[in-house]
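Chain lettering (A, B, C and D) follows the sequence in which the chains are written, and residue indices restart at 1 in each chain.
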Amino acid sequence: MTRLVRRQGWVAGLLVLFVVLLVITRLIQPGYGSGDFGSLVRAVLPYAFAVAAQTIVVIAGGIDLSVGAMMALTSVTAASMMDGASEEYALFVVPFVLAMGLVLGAVNGMLIVVTRVPDIVVTLATLFVLQGAALLVLGAPGGAVAEWLRATIIGTVPIPGLPGISAWIPKALVLLVVCLCIIWIPLKRSKLGLSIYAIGSSELAAFRSGVPVARTKIIAYALSGLFGAMGGLALTMSTGIGAPIPGPYLLASVAAVVLGGVALGGGKGGLLGPIVAVFVLRLVRTDLTLLAIDPNVTAIIEGAIMVAVVMFGAFITMRGRQ
Amino acid sequence: MSISAIQPVPFGRRLKRFMADRPLIPLIILLVMLVVILQVLRPGIVNERWLANTVKFAIPLAILAGCQTMTMLTGGIDLSVGTVATMSAFIMATQVVNHDPAVAILIALVPAVLIGLVNGIGVGVFRVHPLIMTLGTSLIGTGCLQVYQRTVIASGAKIPPFLAWLGTGLTYGVPNALLLFVPIAVLIVFTLNRTGFGRLLYAVGDNEGAARLSGVRYWQVITALYVISSVLAGITGLLYIGLIKAPSLSLAEPLVLPSVAAAVIGGTSIFGGRGGYTGTIIGALILTVLTTLLTILQMPEGARRILFGLIVLFVTAAYLRIIEDR
Amino acid sequence: MTTNPLLDATGVVKTYGAVVALRNASLSVLPGEVHALMGANGAGKSTLVKILTGAIRADAGHILIRGEARDVRSPADARRAGLLPVYQEPSLIPDLDVASNLRLTGTPVEPFRAWVRELGIPDLDIRDIARDIPLAVLRVLDLARALAVEPDVLLLDEMTAALPANLAEKVLEVVRRQGDSGRSVIFISHRFVEISALCDRATVLRDGETVGVVDIEPGVEERIVEMMLGARIEKTRVTSRQASQAASPGDSRPRLGVANLRVGTKLNDVSFDLANGEVAGVVALEGQGQDELFAALAGSIRPSGGTIEVDGQPVRFAHPADAIRAGIAYVPGDRTEALTMQRSVRENIALPFSAALRNWGPINMRQEGSRVVSAIERLQIDTRAQREVQRLSGGNQQKVTIARWIAAEAQTVLCFDPTRGIDVGTKQEIYKLLRELADQGKSVLFYTSELEEVQRVCDRVIVIFGGRVVDVFPVELADEPALMRAAYGLPRGAKEDVGILADIHSSPVAKP
Amino acid sequence: EAKYTIGISNTVQGNGWREEMICAMKAQALASGEVTKLNIAHRNTDAAGQLEDIRNLISAKVNAIVVNPADPAGIKSALEEATKAGIVVVAVDQAVTEPSAYIISNNQEQYAYLGAKWLFQQMGGKGDVVYMRGAAGASADSDRDKGFKKALAEFPDVKVVHEVFTGWQQDQGKQQILDFIATGSPFNGIWTSGIDNVIVDALVESQTPLVPVVGADNAGFVGQLNSVEGLVGAAVTNPGSIGGAGVTLALQILNGKKPAEQTVLVEPQLWENATEEGKAKLKGAADPSLSPEWPVSISIPDWTTYTKDQIIACKGPGE
């Protein structure tokens, strides 16, 4: 029970931190408004999907070093397929790329299960493989994106009669919430979701409880691949191109997972925490830019915040235990 | 089915068991196989000069992989080694302009000790996950290095001839870097197998609670470990700058992921409690030879990376298959 | 008897590298019987259970379920075939709450709750996370979870070993009723009382081979012991404790003085002394604060009040290292807490040698080797699989946890149920060992869940109930019924019969 | 009369060239006297991350944004938003596709063409060349590849015997060239995408006969061209000070002085040590006090007004 309270407390704490940061942002830049919030959400989008991809495998007791490369590959695939194609063609491209992420993720999982090589090495290897594949698809940044796809993350959702509120609901946020919930909520409710937590908590006990460990692990990686593909699409949607070199999503995703209260090692935590953590980290970045802090110092500040928050969490946990 | 007492064990199984008890042998075989492939693809490449080059480049990787091996034994990881190595190299190269080389080296190792100490306290006392802790300190370190860099733009940089000799020189065709590496390797192997500290690394990584009940103070072990790891990384940086002779702000960063891979290929478990340094050294050699192999192969860069990934996976999988006695 | 066996395994072989866990095991279980599987530590009982339930695969052998050859490849398969195990180690997922654990295995909740209540745990909250639940309760939950799906064959691997007497009793009751209602149970235990109270037949394993199947009838124990131990029989003749061995209470200053010790809400005001050369028993039902008492004395947790004195000097332990420096060693009840499973037997035993900062340097391998070897010999640890402790059988693992402190020559040993899951032969050795330690002037605090052990080993018995010391018996008075009553918090001399043991053993001793 | 705030966005951190670019921006902003504050977003990231940075700069209400684009097309939408918000946008180093943005850039294609052509001429128009590229998938690399291929097409007898990506990393470049030397394959020239001084080191250390080497105007390499016995080579300028020029252009536009063209290309120069004239140029350019990774061309005539001390101090207005 206390454990439950503690975990939800962490997420609540992050939410409070986020709100405090929003207030601080308003203080730094009084004009910070709904449009800027929209920018924030769009910046969050690829990170959020990367983090979702990482969260699910971390809960399952693994780690996925190939998220960034997966995003790069799916992004260049989408961008090069849509390059010069008609607007309608994108209707086919999106599910194709999502399926590709799902399959490649499943391959990750299968390799782990079949070779029995630790997750970190298998996904390190697939990091190179996916990156190589991305370079074969597009040797340099390029490609294009369908206009309508691009429009899905630009602007806000109109709510009739409430223009004030609607300005604060960017389409990108709706897209993010829908994409995450559509997978996460049924999963969390299902036995499969439980199995994912189970194999992360103790593979032996899960096996002995009759959980099909191999299958569950493959599915967890497949879902991670799916989220990765969403992240890749998000990249293409926001930049309008595909870039074969992965951005800084891998380390960011691991950091946000831990900040979000998911234990590296598996079995604990949820998706909400890491997602809020991503918002917090992006907003910190915004504040540092708004404050015009020396760019070299920002690296120090970001590192220090990461360490400090996790240390603080550890400190609370220790206090709680005594 | 009826069972006669004990059947003679077939040769294949005996061989497997033999290798399982000596995990180094299959690793060495894998290494030799890669070298043979290289020789077949480019006849004549495997010569004295190539060997020396390979060893030169494998050594810094092997030392950093030593840091990973030791931290991984405790269930940790040290992602700050790249930053620490870069820092000590860069600081040494810029300080040596105004100071005696010995002094410059000492100055350069100060941040290494500090980062190791912070890592150790964070992991050992505050129980921050090592991945996050070392990632955080490496970010902080990189930031500090960049700030520092601006203060020394005007002073230029220099590589002391001694380090260049150590990094690049050969004596009778043998890389001088071995003068540094052999003692370090012997020390690490000895520490892991024959000292109390080494025992504790394994114990803490295997079952921290059991170690505690036996009177082991976790934070002491971990703090000492991360300081040692950082100092080793700092020394690697000094050696590496002697090899590359071009101080940059990202000098050793590209070595971080390979150092983890080398330790894992060498049979160290990232979950702690299992592994050793000799395997890691071979792992580092395997990765270095693999890099050469891929450089030599003429193919698109994308295909090259795909191949690299596949080979790493294959090597690790094959190795695990062989040493697993099941 | 012409009924077909429900489960019939023959010629089962399993090797782990050089170690042969099962050489030629067979087991045949009839419908409606409670079948004991017996054997010394490392005989291969657990391995057989794991094979029968698909947790590991055999190298060879035939398994028939209801006369049909079935390929049981995983515990899930076994479950479908009606075979349900309760393994030697708890199988609940540590980070999930009990309810989720039930959902995961598709166990119906209501029957589960009913079984849990029946098994003597009235106040279980199924929202509790498994990790936070004490070991004994976890074992019971494991059992209840198995019972709730009404399996044809229930396989219980040392189910009662980690249980205090009150819970063990309930388990026995339930298991016996399983047999009565036509289901079969395979029951592994090292406790003869339980076997004779419960089982119809017994299959005896020795060194991975089935050496006999016997009907359980009065007096069969001797035969089973003979079969189990084979050549080892000579060594295991029990020397019951004699009065002459009692500690000389001449030494005035106690080795360990505990006064008004309190830990949270679990332990209230415990005071007692432990003399030099004394073995003091601690008897308590599950969860009466004995865990906290031992943990506090071992420096694992900090007491919230009271004092601890060692050799007359007040001490405060902030870390187990402090207790060890004061000569106090702790052998926890759960061996997985005490062992580094992937390391060798030698490293496990030698672990305390390197713990202190000043011992971090080079190890004197010869000296260490001889100390370790003598401890191994003293406890007769089966070292065939010594490269990794996790490959030892449960009982041998348990021995390693004790051997460590023999090698470290601790002055005071706190043993928390050290004979849990140890075969009769070894048990005798442990008793002897504890006595020897006492004779060498060392002090032992000995919690046991097996009341009959008390009289064999202890000089004095401290009974704890509800976090308080309710009675201190001289050993002469500490027969099982008396202890049982005291453990339930009843005053000395109360007349009610308590529990199943009192029923079975209608011996004159049990009913004065 | 300082009155402007200028935002800067850059996506590669810890690389000598980029650091020099940032310092040039700061120095120029200070020297111009028209800038109150610089707002610098400088980190390792991709186009999506740069979108975020640019939008943050828009939120910070800067007057102009000088950006070294991670990708020409990828940041179009944010640049458009910036222009809409009345912010002057100047891209340096690389072009961008956003039509409203001004561009002042080093001509990367020309950079490669110039060096490669000189190299092939040195090789006598025939032989084997080692082609050491930058980072696979980077747009600057693919621009340079175009220039290199253009030169190659003019010399049909020159063959690329070995093509690798250094990832613009010194250690990789060095190991790669040493590996190649070890194969014993003959080669007559090396073209590098800026990882140059380690290549010369490798040739010297392995006692391989020196061949012509083309690199960038990094301080280390320029020093080698002056001092290494028997080394023939050329440095092609790729000034990091283009950043300073970007600031100048932005200020000109803010002050209402728009350039005639949207795009201003700074043409690279080639300094070789094969001729006396070239040697003199190299001698004049050499600057041993600079970090070997820094380009020696620390200023661009007509575009930058700061002094060497100012750029080395690396201080912007208000610091």
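Operating definition for what follows: a contact is a pair of C-beta atoms (placed from the backbone, for glycine too) under 8 Å apart; a residue touches a chain by one contact, two chains touch by 3 or more.
Predicted model, so just to flag it, every value in this text is computed and none were measured.
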Go through B-C and A-C and name the pair with more C-beta contacts between its chains. B-C
From the C-alpha centre of chain B to that of chain C, how far is it in Å? 44
Just give me the whole-number Å value for how far the CA centre of chain A lies from that of chain C. 46
Measuring centre to centre with CA averages, how many angstrom lie between chain B and chain D? 33
Chain C to chain D: how many Å between their CA centres? 72
Could you pull out the residues of chain B that touch at least 2 other chains? 142, 146, 150, 301-302
If a residue has to touch 2 or more other chains to count, which residues of chain C qualify? none
Overlap residues in chain D, where contacts from two or more other chains coincide: 13, 136
Go ahead and list every pair of chains that touch. A-B, A-C, A-D, B-C, B-D
In their shared complex, at which residues does chain B touch chain A? 122, 126-129, 131-133, 135-144, 146-147, 150, 257, 260-261, 264-265, 269-271, 300-310, 312-313, 316-317, 320, 324
What does chain B use to touch chain D in their complex? 42, 44-45, 47, 49-50, 53, 57, 142, 146, 149-150, 152-157, 168, 240, 243-252, 254-255, 291-292, 295-296, 298, 301-302
Considering only the defined contacts, which chain A positions touch chain B in the complex? 111, 115-118, 120-122, 124-137, 139, 244, 251, 254-255, 258, 263-264, 294, 296-304, 306-307, 310-311, 314-315, 317-318
Per the touch rule, the chain D residues reaching chain A in their complex are 13, 22, 37-49, 51-53, 55-61, 70-77, 135-139, 141-142, 319
Listed in rising order, the residues of chain B that touch chain C in the complex are 1-3, 5-6, 17, 20, 190, 194-197, 199-200, 202-203, 206-207, 209-217, 220, 224, 273-274, 325-326
